[in-house]
Amino acid sequence: MSRLLADLFTPQLLGATVRLAAPVSLGALASVVCERSGVTNIAMEGVMLVGAFCAAWAAWLTGSPWLGLLGGAAGGVLFSLLFAWAAVSLHMNHVVAGAIMNILSFGITRYLMVVVYGHQGTSPSIAHSLQDYRLAIPFLSRVPFIGPALFDQTPIVYLSLLAAVLWAWIYARTRLGLSMIASGEHPMALETLGRSVLRVRYTAILLAGVLCGAAGAFLSIENADSFTEGMTGGRGFIALAANIAGGWRPVGALLASLFFGFVDAFQLRAQSLGIIRLPSEVFLVFPYVATILAVAGFVRKSRPPAAVGKDFTVEGNGE
Amino acid sequence: MPSGVPILETREINKTFGRVIANKSISVRLFQGEIVAILGENGAGKTTLMNMLFGLYRPDSGQILIDGVLVQLDSPRAAIARGLGMVHQHFMLVPTLTVTQNVILGEEPVRWGHVQYGKARRSVADLSRRYGLAVDPDARLENLSVGLQQRVEILKALYRRARILILDEPTAVLTPAEVEELFAVLKRLAESGTSIIIITHKLEEVKRLSGRVYVLRRGELAGERRTEVTGAAELANLMVGRDVVLEVRRPASRPSAQPILRAENLRARSLRGVAALRDVSLSVGHGEIVGVAGVEGNGQRELCEVVSGLAQPDSGSILFKGNDVTRWSVRRRLDAGMGYVPQDRRGEGLILPFTVAENLALGRSDVPPLSRGGLLDPAAMRARGKGLMEAYDIRAEGPDALASTLSGGNQQKVVLAREFSRSPAFLLISQPTRGLDVGAIEFIYRRILGLREEGAAILLVSMELDELFALSDRIAVLQRGEVVFESAASATNDAEVGAHMIGGRAERSAS
Amino acid sequence: MKLSPAPRILVIAAIALGAPAALLCLASYFWGLWFLLLSLVLIVIERRLSLGAQAFTAAVRRALARAAIPVGGIASALLFGALIMALTGYDPIVSYKALFYGGLVRNWNVSVLNATPLIFTGLAVAFAFQGGLFNIGAEGQYYIGVMAATWLGLRLDLPPLVAIPVIYAAGAAMGAALNGIPALLKVRTGAHEVITTMMCAYAVRTLAPMFIRANGGDPAVTTHPGATDQVSQQVWLPLFKDFLPAANYRLHIGIIIAIACAFLVRFILMKTSLGYKIRAVGHNKVAARTAGISVGKITVASLLISGMLAALSGVTQDLGLDHRMFQDLNAGYGWNGISIALLARNNPLLIIFTALLWGVLDAGGQFMARTAQTPNAIIEIVKGTVLFLLLAEVIYEKIGGWLGRLLLRRFTRGRTGADA
């Protein structure tokens, strides 16, 4: 039995956990940023997909995966601009706007596939993926057990860890963070103090676009070397659940994403060991079930930002 | 009248919202170091005027001058830049942030990208010491009492070096001790050079604080007086003087032995988890109207929710005709004869996208005659709608008119018609005439009294003393979740009830 | 009124002509279209007679105003699509010609076939929306309907008149059961149904291969892996060909079932007490609760019925067209259902038309891809744009205001000229 456990719970498992959690974690962070500022964003899936495509495209065009990462982030931002315009300026219902974004993302990526590469399905492989840029931080990666997991990873994985810390700092110590919190809890208060809620929400959505774009880039040019249609596979929605399970906090979302990553990695490992004689699909379902449990509050009971999803209009000004 | 250039002046300000004229030709002046009161009833236009001064609304016409210079206040930022600070009635504070964060929000001291919280804390502590507004800079706002939260609102303005402070109904939610402290603070501020405008509907505040008072009535200036030399009666007259005298004849009530509704020892918490009802007991008898007076925020909402069935009390019970209905659902209570007219007719009472007929059918859409075997009978619904519209003088295009197109008074009549048509044995009715014109108010008063004639027990929750005295047989005052005063209406008066509403029982220890 | 009996006769004539004409149209008999037009003319005449000249023109103006935005939105989206095509090197005129020819004329039967499952999922999403809920996981409920139909279809041995209704009932039950989880969670824990329905959908999609392997698609055993065995012919839905010989050989009567369902949904929403309560809760939960309506029960009812409708989509598609369950199914019926519901503003009868519109775009898109070599993904972009434009209502106020001021200036300028 103990040998079984030893076979199962290897340092590689931990490393795989952190790696597989990366896109979810970045998406969850995007969700935190948006919801904390008062915007319900279910479009992470779509933005990730567009980011994945743009990253693969940029990498293929330029030959540099780093420019690919940039391209993915840029694609995420541009696509999110549409969502920001719809949800904040046009006062569209946030969930509906998010649904439209997801619908558009499928069409846009599929169309661009044909326009750019001439065929559907999967884009041609890029020569160098970010996998080639794996970096082992000299001292820390030797720490037993968690060392290789946290400090011997590829760029975007590091990004996902750093981003969570960065955002925790932003909320605790910066003007932007303070404004975002106010925008999500009591936007009128922020507006009466002279700061534009509209601008804060736009900023939040665009920054979330960067994060989702990076998440997409992970999928296409770090975890793989090409873009495949629909490769986000529901991670955008799991990210939303990770946000909720993490209590709308950056570090909490990271931890929740790590849990989902763990479920994913565990399932792969258990399958490859062949220890449990259940069809693989039973394991593949784990993340979705876990998400449902998380959202139903079995993991943690916490309160969403008071003004999330509510439209904000300043009335009475010459209208 | 002090002389010199006023620090703040409005000239012929006008503002109209759709059909409603909120402010007409308002000209007021504020000189440095004075405290001026703007007195008026609910709906007189005070808040609109203040929102314009603060840049939230823009006047349709008229001018605003600061230090004699014409200014355009397009946004709160512009107002703040010109030295205006506003303490809102409903605080503009973020509950999950600390005092310091709330004070500095929008003007944070920053160095190399990050907020200097240490410096901010010190500034806040400094200000609070200087002006006698003691408050813990690190406390989370939602954990503070209302009085302390208000201090934070004031500190916000002072942090921004406001020379003109506007307070909107500041004592509305304070305990008597807190009110005294606030008065002291305001006087100190005025002495140190801050100019203050205080908006209120309380005569006492006007008397104790202000040097001059402007009285607003129905959007217009009814008069300007020096407070010292003007009697309360004169001010009240200016404030309230109606063209149509509201004559409500109320036949004497017949006291009955058995109360129809009894609430016993109700304890309940608000949404935030704070105690809202502390051991409230009331009873209403057959053919009797009991009025519950109180400033908003003292437990009225929770009382209504518990009595109507929308929420469960933490402890205590409600007895209707001798039955314990505490755990009964809303539907069961309605069917048993307990009616409820909620305070917010647009948000809670009506479904605005529904037609008048559909709204009138709410709550009985699944019983004959409106439905049989699960199938709706739209013709019956419409016929019933027409009938009720006639009986209750509801002015609309027809039973198929959308509820959103009706005027406030007619909307309220729809809600009343719906509840009254059940001939309830008990009716809970909250703020029935808020925002309505005199004609509608008269109609509704007559209907309520009519219901009383038919023997119903009515619990009326209202903030309007006029209304309470016009309708109630007995008046109880709800203050901080307790019934602090109860009396037959004929045995008391405005002043006594009003005093209790703001916590006139000074000998009680603050809990 | 002067001519009382005449209008009534007209209406009856219109319906008597219109209903079979509509049926013929579905079966791609284009002269059925002429009869449909004739019946529409009859209705117009009847309206004119019973309303009188003034009220009639007012009604026509109102109808045109209301149609302006949807028609304008669709036209703008098509223009936008043309722009993108032009920018990326495809000929928009050739493409659109192929699109409309393919969708509306040549492959009209494919359009109808495409529209059938979309009507069901559109109804499912719209029904949930009417109750104030977002059933985004309609896709999963679709699959479960397919699974139920396939499972029973492989095993039932009953005459078609019994078997088919049984399968429909079973499919509906499974759809309701699947959506029961999000429903209960929403009521008990407040879990947002957007996530729970979506997760259930992904879960079902993930487990689908297991089902397929167990029902004939096991690669180790069969020659055609990735799909179950074919369901027995007994449960196939009848084809139009059975009573209209010239109809396309694949066109099944599922569209009629779908349209009937749309009418049924409308009936439930407008003419039953349950529907009334669902709409009340959807508009204003607080007011509904204050009036005694049990919001929890209504929420559950809305989601369950919504799940049923989406599952019926799967059943119809399985029994009517596919006759088996395929593995690599990424039909997108769920997301398209959302689009259709939103476009139709949750009106059950309008859903029939928006679904047909989508069906035409899909069929036309495929034809266009084959003949004009334009990637049919542009259709997805057009669809998304249509949605965006039609839902961003504020745009119209702004455009309307701008146009209004423009027209006003023109008008007053002319006026002052004439006055002088």
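Going in written order, the chains are labelled A, B and C, and every chain counts its residues from 1.
Criterion: contacts are C-beta pairs under 8 Å (C-beta built on N, C-alpha and C of every residue); 3 or more make two chains touch, one makes a residue touch a chain.
Everything numeric here is computed off the predicted structure, so don't read it as measured data.
Participant: Average the CA atoms of each chain to get its centre, and name the chain whose centre is farthest from that of chain A.
Facilitator: Greatest centre separation from chain A goes to chain B.
Participant: For the interfaces A-C and B-C, which has the higher count of C-beta pairs in contact?
Facilitator: Answer to which pair has more contacts is A-C.
Participant: Cα centroid separation between chain A and chain B, in whole Å?
Facilitator: 45
Participant: Round to the nearest whole Å and give the separation of the Cα centres of chain A and chain C.
Facilitator: Inter-chain centre distance comes to 32 Å.
Participant: With chain centres defined as C-alpha means, what is the inter-centre distance between chain B and chain C in Å?
Facilitator: 47
Participant: Which chain B residues qualify as touching chain C in the complex?
Facilitator: Chain B reaches chain C through residues 308, 310, 329-331, 333-335, 340, 342, 347-354, 358, 361-363, 365-366, 370-371, 374-376, 378, 418.
Participant: Across the complex, what residues on chain A touch chain C?
Facilitator: Within the complex, chain A contacts chain C at residues 42, 82, 86, 89-92, 95-97, 99-100, 102-104, 106-108, 110-111, 113-115, 120, 230, 234, 237, 240-241, 244, 279, 281-282, 284-285, 288-289, 291-292, 295-297.
Participant: Inside the complex, what are the residues of chain A that reach chain B?
Facilitator: Counting only chain A, the residues touching chain B are 173-175, 178-179, 181-182, 185-186, 188-195, 306, 314, 316-318.
Participant: Using the touch definition up top, name the residues of chain B that touch chain A in the complex.
Facilitator: Touch residues, chain B against chain A: 17, 51, 54, 56-58, 74-77, 80, 86, 88, 91-97, 101-102, 105-108, 110, 113-115, 117, 156.
Participant: Any idea which chain C residues touch chain A in the complex?
Facilitator: Contacts found on chain C: 84, 88-89, 134, 136, 181, 185, 188-192, 194-196, 198-200, 202-203, 206-207, 209-210, 213, 330, 332, 335, 338-339, 342, 375, 377-381, 383-385, 387-388, 391-392, 394-395.
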